[in-house]
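As written, the chain order gives the labels A, B and C, with residue 1 at the start of each chain.
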Amino acid sequence: MKFRKENGSYLVVLDKGDEVIASLTGLVQQEKLEGGFIRGIGGVSNVTLGFFDLEKKEYSKKQFPGFYELASLVGDISLVDEKPFCHLHAVISDPQMNTFAGHLFFAEISITGEIAITPFNKTQRLFNKDLGLNLIRL
Amino acid sequence: MKFRKENGSYLVVLDKGDEVIASLTGLVQQEKLEGGFIRGIGGVSNVTLGFFDLEKKEYSKKQFPGFYELASLVGDISLVDEKPFCHLHAVISDPQMNTFAGHLFFAEISITGEIAITPFNKTQRLFNKDLGLNLIRL
Amino acid sequence: MKFRKENGSYLVVLDKGDEVIASLTGLVQQEKLEGGFIRGIGGVSNVTLGFFDLEKKEYSKKQFPGFYELASLVGDISLVDEKPFCHLHAVISDPQMNTFAGHLFFAEISITGEIAITPFNKTQRLFNKDLGLNLIRL
């Protein structure tokens, strides 16, 4: 992972082998970001996507081994118990251009990740008992 | 819906039960925004997506009852006859991570909506007779 | 294509018949942009999407004749050998709201393209022999 800061924003390039969530969370920690918005594209492999089951109050997960275009990566940065958290949703596509999407749990960069981050002020995420997950509290 | 304004941008959090289009249009009206760009993610239900039929010059619509991840929400803010209009396209995904996408007409928040708005200057949308819908006139 | 520059950003409106990649690359050249981030929506036809085959080190391409909603357009601007290059990934949807996605090679505007560009500083893309394509070098 390499990044460049300019005019308050970040251009981030993830390299082959980098894991998307871990890399971005590491950058957030290193740069002491406390909020922000993320968007990007790339090429990924070994993707794990999630769908939040409101009855079970937990994510069901599905693994996508193999290679995918990362057609869209959108999400945000917040703090959970003062620790950085990147909430990202991804749309991926296979060699037939068929698409899959969901909450991004894991994705290894297979080619590159080209990502922009716009920092926001401190944004905290607190546990919501009714829904069973952490939500941004403004 | 709650929102925070900072450095000219907005971080918007939609709550369970909020309808996406109505909530964002209400915010645009309240904040007197006359243009802007929107992007976000979330969890939604009872989604109505549209596809513009160029021959009939109208949208065909399809309803998606049940719960979906809002994998991508992208669009813009403009004025039609001085009234605020949010033009949004959405990509949603089901529990098998299969995706559907189109022009967003309606979506209830089932979990949360995490949305960023960057205001632009006054942007007007005028009716285009040839195509049969309102287009941004720069 | 028409565009408006404000606060350092661009609001771009593509017209019926404009080709997305050629139009945006032309704008980048005209405005002497050397980097930046792009996102947008629209309605398109005659779309060509690509999937990078890491073994063959080349894109496999698939054509999508007919009309599609451009549900998401995300990407960036860089220079390759000092020439402007727009790297864009697209998610498109058909009348049944089924989606396809990938690296965008070609798309004619059928209705409109509503696109925002945030310029970045000079961003260069260099050939990576191992992967077989040009990657951003920070």
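Miscellaneous remarks
In this section, contacts are C-beta pairs under 8 Å (C-beta built on N, C-alpha and C of every residue); 3 or more make two chains touch, one makes a residue touch a chain.
If you're wondering where the values come from, they're calculated on a predicted model, not measured in any experiment.
Chain A maps onto chain B through a rotation of 120°, based on Cα atoms and reported in steps of 5.
For the self-contact between chain A and chain C, the two sides draw on mostly distinct residue numbers; the shared fraction is below half. Look at where the CA atoms of chain A average out and do the same for chain C: the two points lie 22 Å apart. Annotation for chain C: residues touching 2 or more other chains are 39, 72, 74, 91, 99.
Chain A makes touch with chain B in their complex at residues 8, 35, 37, 39, 49, 51-54, 60, 62, 64, 72, 74-76, 87-91, 99-103, 118, 120-121, 123, 130-131, 133, 135-136, 138.
Considering their complex, residues 2-4, 6-7, 9, 11, 13, 16, 39-41, 43, 67, 69-74, 91-99, 110-112, 114, 116 of chain A touch chain C.
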